[in-house]
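We call the chains A, B, C and D, going by the order they appear; numbering starts again at 1 in every chain.
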Amino acid sequence: MTAEPTSARALTFFDEVVANTPGGDSRLELCLQCGTCGGSCPSGADMEHTPREIFAMIDAGMKDEVLRSNAPWYCVSCYYCMTRCPQEIHITDIMYTLKRMAIREGLYKKSSASDAPGFSETFISFVENNGRSFELGLAAVHHLRYHPINAVKMATGMGLEMILKGRMAIVPTKIKGIKQLQSILNKAKELGGAA
Amino acid sequence: MKYGYYPGCSLERNAYSYHQSTLAVAKPLGLEFVEVEDWNCCGATEYFAIDAIPAYALVGRNLALAAQQKGDDKQLVAPCSACFLNLKKTDHYMDESPELAEKVNTALAAGELHYEPGSVEARHLLDVIVSDVGYDAVAEKVTKPLYNLKVASYYGCMIVRPRALETFDDAECPTSMDHLMEVLGAEAVDFSMKAHCCGGHMTQISEPTAFDLIRSILKNAVDNGADTIVTLCPMCQLNLDAYQSAVNKHFGTDYNIPILYFTQLMGLAFGIPAEELGIGKELVDARSALTKIGTEAPPKPKKKRPSKKALPMPSLLEEA
Amino acid sequence: MTKKEKVGVYVCHCGTNIAGIVDVEDVSTWVGENNENVEVSRDYKFMCSSLGQELIEKDIKEKGLTRVVVAACSPHMHEKTFRGACQRGGLNPFLFEMANIREHNSWATNDKVAATQKAKALVNAAVERTVQQTSLEPIPVEINANTLIVGGGIAGITAALELANGGDHVYLVEREPSIGGHMAQLDKTFPTLDCSACILTPKMVDVGQHPNITLLSYSEVEVVDGYVGNFSVTVRKKARYVIEEDCTGCGICEEKCPQKVVDDAFEANLGYRKVVYRPFPQAVPNYPVIDAENCTYFKNGKCKVCEMFCPTDAIDFKQEDELLKIEVGNIILATGYDVFDARRIKRYGYGRLPNVFTSMEFERMVNAAGPTAGDIVLRDGVNVPKSVAIIHCVGSRDKNFNEYCSNVCCMYSLKFAHLVHERIPAADVYNFYIDMRASGKEYEAFYHRLLEEGTHFIRGKVAEVTNAANLPEEEGKLIVQTENTLIGKQIRVPVDMVILSAGIESRHDANEVAHLFGMGCGYNGFFIERHPKLDPIATMTEGIFIAGACQGPKDIPSSVAQGAAAASRVSSLIKQGTVMMEPIRAHINEDHCSGCRICNNLCPYNAIEYHEDKKVSEVITALCQGCGTCVAACPSAAISGAHFTNEQLLSQIDGILWDVKSELKMEPA
Amino acid sequence: MNEKFEPVIVGFLCNWCSYRAADLAGTARIKYAPNMRAIRVMCSGRVDPQFVLKALREGADGVLIAGCHPGECHYVNGNIKALRRFILLKKMLRQLGVEEDRVQLVWASASEGNVLAAKVDSMTEEIRALGPLNWNETVLGGGNGQHAAVTEPEEV
């Protein structure tokens, strides 16, 4: 029997982040604030807050600021931080958690990377409808939504070249078991939570 | 050697040449790849950003299908680094967290599927070639060595990291593809940026960020005298190849270095015609670089004798 | 029928440490009322205070107590204290028992009810156990006045001189050809910047010349037998191929030897040495050794230049290793540390990028007697760096390598910064640190001095060192990439030279050495001390002491202090002449022994002898260490382990389960 | 309020490693289940199987044997002997119809207070799940007082 603490501490933003990070232990509480992550991050120079700063802010309960930061959206999943972290904190996974929380809370809209979730959402909408990703559709929809000028550039420049080289499909591929996949995903969405 | 094969969405189209060349070199190496029937997208780096359980379930479906299909072997080969990592990570986390495994399986049950963690082992194509086939067996198949060709081996991220997943090569300074290139007769150039990020999806989110990363990789390869950069991931190839002209425009540079798949160079060395390897589909034309391939082995570069005053250079850990 | 004893029970509050969780009054009252053997039971604020101890003494005398139980902290903390109180009261100290209700109970839970219940069980068990205990007398062991010291670094040197000056004989065994250890490699020492060699070499000479010190350099301990007071040690004296008696240390052989190799020991890879060599000019002893692995003669059978030129015919290619047997009473281990191998952190480029240096390389570089005669230059040996980055915590404070702080790197990194400022005044010096740790005497002042000298301090653990330039000003430089955590920005600092402040690691063979001496290594490979605060010098094995960095990372003053402390501990034992050993030994009852000999092979110390004539086994008390394995194994229960007898332990089990005993068992048989 | 079953575990801790590990757990104020009651022995090799059986017979729901890590035994290899006895003991418990998990072994060095604490926690939960032992019913059968064949274990 592990004794219960005499008075339960109220759940903090920190607890929320930890609880929403799947795959075992996030180890977030171990952060030494050494900056290895911030120094290693390929897009760290363009982040409004380095991962290290984000962790300090999580600890300080600055939920609004954290979920509005562009930092999680600028994470490229290169896993340098996670590999180098002297405390073996699961940094990349925490970044994914923050993205999900930002979407859930709607706070990403106030972020300077406000179109990043859109990219992810467009991407998965193709996956959910076809079972496969669809680059042309993704590029077109994403750019038309957020960067109309880029869309024009795409259609005439690199994108056109890709199509000419046969490297971009004009129509999406659909898997046979799309219904099966959709029931799986729908069930998964119902289950929710982190794990 | 028989393996399950998960090509992933990119290999269907933008990286079709990777798919083509993979199958072309698999044959002489005695590798039999059985494609997972009706596989779906792995979610790349996007699905995890939206919703965790569906993201794992998405990958879970592929693992379940692979497990159903596999014969006596539990190996599943993925040529794309992102696919490889997602397959491996999902299996690993399901194994580590029974709670996650339960949720994923509840979702899979809605499609009458089930996946037991550990029943499929995801492997990257490069790992299979260097570890299972081995350098010696590859060397035996070389009929047209890539003499004189200077190659920068670019690994990117998701094949060597995170270390928690016990990768087959070093997370910071991988060398397996460099050795492979040497076995093919090419010269592997020093390449500090070999495991750095290609920008990933940043081309879609913040071009300046992505261009910075792409440029630093191109620059380092060119600075070290590389004729070509070889890759092992469709995303890396796409970013370095398709965005090269945009990067040049952005920085006022004039890089013109072709980006090939390592399987394409293997094919060439095995004497397979370039068309059958999908060479020519790259946006930065590889032909001029490939004309550099000579018929005779270049003389071994003489080790420069250090000056009398020079201090001894420490050995590397592998040499010690 | 159980005999009735008069047990005194004392439940300690330990301030609130115990009383805050355990209802000590309840425990005391309960045991007094429920255990018929208890004569008196009390609770008291601090039992270990003199008043608490007097309470025990008084009760023994006045109430005629025959057993004493103190429920307080761990016996490892205060068993000795209370045994003393019993003895003063006139009770044999082995009729005393402690119940650990602090470390094992009040400190381990917040549940007051459960803790009180558990305390009752532990106290009751102790009472039941004492009833079965018998009077024992400690075993006196004579102490051999000779001491073995393993390791001739500054800690071992200090210990050796302390003991030798006191008139006792010391065998100093050193693995390398010379004593001096890591300190001999250093240039200046922080924070006072004394020249390391200037303060160390006189001590080395003293050791070499001391009549009470037998110096066995280029030697290693192979076998350790015996126990405190009487160790028997076998030392392998490796072949030097130089006859010590004939060698004058003139150095001609070294000068004439045609074969040069990189010196990966003393010069830390930065310089070369001959194949017949002394690690450094002031080596003690001053005889050279021949490195057989690289010697042309040993490889090809030709050369012998050294032999040809030696004026005293002191070269002997046929020399072989010698095994020496020495008898000592105590052993001090001062085996030092290894420097973290910086090549393991690939992202810092050591071994790949020429102008990345390790701290030990830099020590040799700035040393006037080193390969560059003290000039700070790049790997080409010519160019002088205009900017230098010093990276702290290389291999330290990192779970991927070593989790702990190496204790000395911050300070020597400051020293490096100072030396660069001193030798290259125009150079920019950057120190990349996580936390600046300058907690020794005058250390903080040294840090302030470096602030004044204009060192750039950047708080951030370096992410990587690369030669991949992005900007024109980065071309041809090493770029140090990190987050400046104080401004929250990723930065890239181009420099000419990078120094990696490598941490301290336990010796690579620390585990084997620990095993050889019958003691333990902690998780990180450092030797385990008897108590981390109150006894960092002694080990769990009587007669074996540790000093210096083999116990944990430490700087020179701390190593010297530990070396002296270890000598003083040994001196004290020598002065006592005899040591009292706990009488926890096994004994075989001949009448019950069936002569099955199961115990013979189980004993790890070969302390059980079989008498063929009587068909019984016997324990040799002097060799027995009291582990009790034979006691547990004896099928005829003929072996008893003093102070841990079956009766004592079975009673303890009975007592500990007072609240859950099954009904059936409570009934009389 | 529903009373949770609180198992009682007797712990045999070796003097050099695991007893000190428990000391360290306390010193570090690691909180763990208060269900284990420790008995100090000089070495895990001293743990006679009859001690374990005695504890189970007298009402303990589980027994934990804790020693130094293999290779780190203060008495060279007493812990290996403990391990061999432990394996035989488990076999015997199976024959007696006692769940194997009621007797567990852990290696905890003097610096591993956390390891010992975690073991006590996990073992407490496992035994809680098994429920009370009730030796009389389980082994003696129906509490008729008949002694089942409790043979002395084979020595190793």
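Odds and ends about this structure:
We adopt the following convention: contacts are C-beta pairs under 8 Å (C-beta built on N, C-alpha and C of every residue); 3 or more make two chains touch, one makes a residue touch a chain.
The model shown is predicted, which means the values in this text are computed figures rather than measured ones.
Compared with subunit D, the chain whose C-alpha mean position is the greatest distance off is B. The highest number of C-beta contact pairs joins the chains A-B. If each chain is reduced to the centroid of its CA atoms, subunit A and subunit D end up 47 Å from each other. Subunit C and subunit D have Cα centroids lying 31 Å from one another. Annotation for subunit B: residues touching 2 or more other chains are 163, 172, 212. Shared interface positions of subunit D, defined as residues touching 2 or more other chains, are 6, 31-35. Of all residues in subunit A, those touching 2 or more other chains are 1, 3, 45, 80, 88, listed in ascending order. Chain contact summary for the complex, subunit C toward subunit B: residues 262, 269-272, 341, 343-344, 346-347, 350-352, 354, 358, 361, 371-372, 377, 379-382, 400, 464, 466-470.
Interface residues of subunit C, counted against subunit A in their complex, comprise 109-111, 114, 347, 393, 397-400, 434, 459-464, 481-485, 488-490. For subunit B in complex with subunit C, the residues that touch the partner chain are 163, 170, 172-173, 192-193, 212, 215-216, 219-220, 223, 307-317, 320. Here subunit A touches subunit C in the complex through residues 1, 3-6, 32-41, 44-45, 49-50, 52-53, 80, 84, 86-88, going by the rule given at the top.
If you check the complex, the residues on subunit A that touch subunit B are 20, 22-24, 42-43, 45-46, 72-74, 76-80, 82-83, 88, 90, 92, 96-97, 99-100, 103, 113, 115-117, 119-121, 123-124, 127, 131-133, 135, 139, 142, 157-158, 161-162, 165-169, 173, 175-177, 180-181, 183-189, 191-195.
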